[in-house]
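Next up: the structures, one after another.
Next, two complexes with chain A in common: one pairs it with chain B, the other with chain C.
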Partner chain A sequence: MGTNMSQRQLCKPWEHRYSRRQLLGTMAAGGLGLRSFLQPSVADELAKNDKQVLLIWLDGGMSQLESWDPKPNTEFGGPFRAIPTSVPGINVCELLQHTAKQMHHLAVLRSVCTQDNSHSAGVARINRGDPKNRGVEYPFLGSAVAKLLGPTSSGMPPYVWIKPYSGGFKASDAGFLGAKYGALALGDGKPPDNLLLNKSISAEENELRNELRQKFDERYAVGRRKEWTEANSYVYELAKKLMDRGDLFDESSFTDKDRERYGTHELGRHLLLARRTLETGVRFVKVNSYHWDSHGDNFNACDSLIRQFDQPFAALIEDLHDRSMLNNVLVIVMSEFGRTPKINSHVGRDHWPEAWSIAMAGAGIKRGVVVGKTNDQGTFVDGQPHDIGDLFHTWFKAMGVPQELMQYDNHGQPLPVAHDDCSPISELLA
Partner chain B sequence: MIRFGLCRIIIHSLILMIIGMPALWADDHPLALQIDELIAAKSDGQQPAPCSDDAEFLRRICLDLSGRIPTTDETRRFLDNPALDKRAEMIDQLLAAPTYAQRMQELFHVVLMERRGDNEKWSNYLRTAFEQNKHWDQIVRELLFPDAEDESRRGAGFFYSKRLEAYGQNPTDYPGLTRDVGRLFLGADLQCAQCHNHLFIDDYKQHDFQGLYSVYLNLSINSGLEFPAVTEKPMQKKLEFVSVFDATQRETGPRIPFASEFAIPEQSKEGPAVSVLARLADEFPTQGNSIFAKNIANRLWFVMMGRGLVHPLDLHHSGNPPSHPELLDLLASEFAAHQYDIKWMLRELALTQTYQCSSRFPVTLADTADAATEVSTTQISPESYVLFNEKRMLAEQLLHSTLQATGNLDRLQQPAADGKPNPELVDLTAKYVAAFANEAREPEDQINPTVKGALFTLNDETLLQLLSRQPGNLIDRLMTMTDEQLLAEELYLSIFTRKPTDVERTELFAWLAQNGDGREKAIRLLAWSMLTSMEFVVNH
Partner chain C sequence: MDETTLLAQYEPKPTGKVVDYERQLFQARFSPCGNFLIASGYDATVQRWDLRGDEVKRLNPCLGHHAWVECLSFISGTERIVSADSWGQIAVWQYTDETPAPVWKNESAHDGWIRAVAVSPDGQWIASGGNDRILRIWSATDGTPHKEWSHPDKIFSLCFHPDGSSLVSGDLKGVIRDWDVGTATVRREIDARVLYQLDKIQECGGVRHLTFDYEGKQLACAGQKTPGGGFSTGFPCVLVFSWESGQQIREMQMGNNDDGFAYDAVFHPAGFVMATSCAFPGKGSVWCWTPADEKAFYDSKSISNGRSISLHPDGRRIALLVSQSANANGRKLVDGVYQGGSARIHLLEFPGPKWDAA
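Right, the complex of A and B next:
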């Protein structure tokens, strides 16, 4: 794929073939984009919004006590120390030694209090921001953002999910929004099937056949419902963008220094790929890491897992800052719940939604703050607890989602984007 | 609207001719006519789209009843046939053709298994069932009680056995099986009623779920046979359950959801075990079970009309009423009265003007770019049925139609030397399912273009090979034609099942003229564009 990059800087052959394009007629020119799904004024406003999101999902539940909210030398504190960070007065667990140096970019909410303590309920509820039950399946955050903000001006698919195991196109995150808002999943960071232009088709021919298809579609849509044709155009546009950016998946193009800083382990590689994915203009990137459910041997597990997170996460925050991307990219680190302060007989920590922490940084978020606190034992929130619905409001606000978009239209049924009884946490907002 | 009126008269007079009815009077209305009246009564003054033209109708009915688009010969014959009753004749012909059973096998496989996987015995079972026109109640009885002793039921066990397999980290998903039986045969998704009475669907009670669940907890896979089968342990006692809302201990015996509980059968020491499953299968799909009748009537309506009268299809309850309650009642009771004869039902639906109406409002063809001449479709709801609802094609329909259009179907349907299906067809089928089907356990109930599908059509080698010139295939036929008028007709009839308009002919001639030196390539690019366009990939 190395040659793609150099080719892209040249004129495309078809740019010199105006006569053929003329034949295709005026209908082929405009193209239907996501724009046509929205009212014009909102679309114009969104065109200016270049906010992006990176969600790091630590599946199974990260221990807050071994990360963002250490309680050393207390009954449930465990063996690790707390260390100072780049922000005087804020300490984190020593397992976050690299992240501690980036604390001045981060905001940590230590007063998260949610409800579900099973994985099956918790994963869905946290990812959906726990909207009120209205008999529909709400989208996960990535699909919601794909719907609300659409692709960035890059035209890249709005929702890319970097994950271990299988890839493909995962519709299940989209809920009632429909498969179109699902995630393009890069299984183990690998590109999707059929990404490379078939060798029997030249770039020029590819352009031509797509223009012809588009023309047939536009003709078909006359007098008919438009939504399916728009959806068809949209997926072909995304496919084209992906094919054009095949270099995204070329791991060999990362520098040795990058690899060393992020680490060559799975989460390290995936966060490095996430950086590049954000650089290509994908609106929402989700990175999943699994096996955080440390019911047994929690401290050895954390010693390994949290360090696997710490190194690439700190490198990523540093890089986003260096590239002036942190003003535009909202970074979120969360799980379905935290872990029990009480240490069980397997030296493990179990599921604990009552008092845990979520970290964030970047677009619209205050820098270098801790908001909320737990009691001295770390067992419960001390003061105002915050549910996931509050965080969704906070993040939508940080992303600059306009007020008129804070409601979905589900075939005539108005549905609030986030829980009606929750509201943004102003202490977290810049 | 003259066309529309005329068409309506023709269709309805045909129905009368066919049924041999001398005149109209209320009690002896043919069902098709009653359906159209009930639809018209709720159209809120919205002028319906005109009747489909013959080509539009033919493509639609072939896709629905034979699972593929017609050949150019079939289309030409149909378009040239002057007979007034040719539509009804075509419907009967398609219902009688061997392709009907294949289409129904593919359709019901997807409906019943939701892409969990396939099995040869299972496909044979479904194929045979539709070849014999087994009625729906009989099929469901066999699915619910796949008696291994009864040879004609072998293969039906796949419905249970596949669902009892562990997948991923999940142990045997008994709640999932219970849920699916409710969803697929009663149109009721009882999942939330597993742990408590449903919060906002008053009709769904926890005992409805638990009663059915109690039966399935005794089921396990019988892997010792060469066909998919299950083993049933005798039920010993009632199932105890607790609502998560109040700690009250409750219990239930076996129960068909929304019906009363029945007693656990006494097991005698001698003789075979008495099967609860057998009793369930006997009492579930009855003529008197109106919930059972409404579910299947609604599902067949959806297959033909592209939108359930109750939608989503598995949420029948009083808070989600049908768009046309009288119509659903009528369909359900008529269907039950005809002993759940699927072929009869599909025929009745196909004869309606509702089915035969166009998916498109007419426009001034001379100036298609001028939006002012278009009727706005944005306010037309899918449940009004005044504009035919475009339908998703199953991966199988899309594959067979693509093979038909590109002139490769006959070749690929030839079995291999060992009698097994052509390996190229097997390979293509797997690829089409991977590219166009939903993920397992997700119903395929709406048009769903995906980037995955787009990348497949853009770049997959086997698909693009269908457009390489091989003796007798579409590209070959077109390349041998010197008369460009004939070429244009052949291309459009092959792919779009219609003749090209004047504008399209002119464009095609210009396209060919511009690419004089690369004619084959130009034709291939054009054919690819047509095959990937909406006009081809949806059933409209």
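Right, the complex of A and C next:
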């Protein structure tokens, strides 16, 4: 059954082109892990890579006009003012009053132009970097980083997702990489259920229990594809590591000052937890905030929502800098699209992938810059537009992923990590 | 009066006249003299139309605001109007001038978005408030600051009692406050919290409009019942309170819970409330409802996305402002040009006699 499914996922030969060099490289790899066909120097370099990523996903679509790309006193500009930032000449919307003071750490791309104006398509394609269709389901960015860079030396799970609502292990992010590269989701920032060892079970009993589980796992694995079975035991290994770091979830250990600076609302609490999660060595942390889809009453919605982002985001950037972490942590803020310049009859803004903004900071990223621009009305990109594929290339390069690694091996099928028609945006790279 | 009698006199009928404007507007009001229609909008202007001829004549606008002009109010006993914008500026204009210039203005009257202005019945004072949570009182004559005090939440609406004894504020959280301007203290609070909701992570709703009846015995507030985020959906709703007791007399809930805000309401001298709401096409957007009755005697489903409703001093003519800007995801170009929204003011009329002010 598994083999048939796997074969159906493979692309047709005419759906992709590869260079001879790439093809030979893949053949040499022969279906082994990516690192196996790297030159030793590349593998050694990769092993030293301690870059981390924080992706803040504002689900539903944050308005670029009420945040990174204000167009005050224009037809579509809305009611808010633009304010100066810590970088002379760069203005943002007044709703980002705290973030404005951290602008010297940030880079904003105002020329994002993507394809999908529906949530269902947009969420997946932006998270996957909108790769060409090769008949497989590409991984989300977090899973891609987990695969390419693996856990940090901390041994902590490589991909942790802090989100509202439920938690658990979310394998769907991993796509063709296999469930193992999915996200460990902390529902409302809480630890997985029953993470900590029940006091009635001794360490010896627990060890025996694990040995029995491993035997069951081995029996289950017989005759099944490795990438499906290894995820089973993998999540247990993750749980064991997390059990050792139960302090991660101890909210009482945050200082009052931290709580005041980040705010006690959901996104504030989750970004504070994200800071600690990064400090423990998790490679990729994703923080989701939902309900940004402001089709009605957009401006009151932004006044409520963007301020909830602004305060903890600014605190987080400040903290990462103060703790000398910003050189290693790549921070990304994005949604599935921006919002229409046009203000509808419900005083809302609808979906707009044509011209929007993505902000970033940290590892490998130039600081205190705005790259790209929209026209005076904010309706379309003025100049070179940039798709999400360009950003994936940019981010992988910023993370120090060598060019030799920018290709997956899907059971012999070579697949580019990022869209092969796109390229890094040099103006964003430090 | 029974419903049939009310409808015979007070069913709004089209006059055949509409006023179109190329940008969206927040409100359109008849001047106290009845000769002008004044509107404020998204384009930082105050627009004027002369109603005295057979044709409605567009006049030069009042220019000098910087951003959205959400609120305006006439200054009693004068031919002046006060307007305020979302960048914190208040300006007073002689609206009968050929090309109005500000009589006075204050560019930093507030820090940011001014959501409401109100003028005392004697025309002496202007009250203003907005997102900065400060209530300020100004001399209507020259803009001299008179008094200010902090307000517990964002101020979305203001009005004076007709006898001038109280300034009433409505806020984001659905709280109506009766202020003694002399002492800057709250006499009492009136509960309109049904117009507010913390929906998941978004604060939604608020008291979007306040108005008294002609005798000052009833207070109406407009908004949205159980407001939600996203599409900002809820029941369009007007609440009517007894001013003496502060008790709710009537909850005028119209349409469905996915419609939107009732943005505006006004009492007719005959005692009923006229209101208009934003709604998806095909749903009610203007209605007439006597507070003593359990349901509206008039509910039009023919006009969507109502933004304001104004009653002419003759008690017969109505200016109903609607927004024309359909929801649309993605690229919408006409001849290669990206399209914004526009406004239309429907001039309606009651079939019954003029209101006898006596």
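Just so we're on the same page, the second predicted complex is superposed on the first by the 348 of 430 C-alpha atoms of A that agree within 3 Å, B and C clash if a C-alpha of one lies under 4 Å from a C-alpha of the other, contacts with A are read in each partner's own complex, and residues count from 1 in each chain.
What we mean here is this: contacts are C-beta pairs under 8 Å (C-beta built on N, C-alpha and C of every residue); 3 or more make two chains touch, one makes a residue touch a chain.
Quantities reported herein were computed from a predicted structural model and do not represent experimental measurements.
By the document's definition of touching, of the two partners only chain C reaches A:354; chain B does not.
When the shared chain is aligned, chain C comes close enough to touch A:346, but chain B does not. After overlaying the two complexes on the shared chain, residue contacts for A:117 are found with chain C alone; chain B is out of touch.
Touch criterion met: A:200 reaches chain B, while chain C stays clear of it.
In the superposition on chain A, A:305 contacts chain C only, with no contact to chain B. In the superposition on chain A, A:296 contacts chain C only, with no contact to chain B. Of the two partner chains, neither chain B nor chain C is touched by A:323. Comparing the two interfaces of chain A, the one with chain B and the one with chain C have no residue in common. Partner chain C is touched in their complex by these residues of chain A: 60, 72-73, 75-81, 94, 117-118, 265-267, 289-291, 293-297, 300-301, 303-305, 308, 340-348, 350-354, 377, 379-380.
Here chain A touches chain B in the complex through residues 19-20, 23, 25-27, 133, 135, 157, 168-172, 178-180, 184, 192-198, 200-201, 205-206, 208-210, 212-213, 215-217, 219-226, 228-229, 231-232, 234-236, 238-239, 242-243, going by the rule given at the top. Within the complex formed with chain A, the residues of chain C that make contact are 23-24, 42-44, 66-68, 70, 86-87, 112-113, 131, 199-204, 206, 229-233, 260-261, 278, 304-305, 322-332, 338-341. On the side of chain B, the complex with chain A involves touching residues 199-201, 359-363, 368-369, 374-375, 377-378, 380, 387, 390, 438-439, 442, 446-456, 458-461, 464, 507, 510-511, 514, 521, 525-526, 528-530, 532-535, 537-538, 540.
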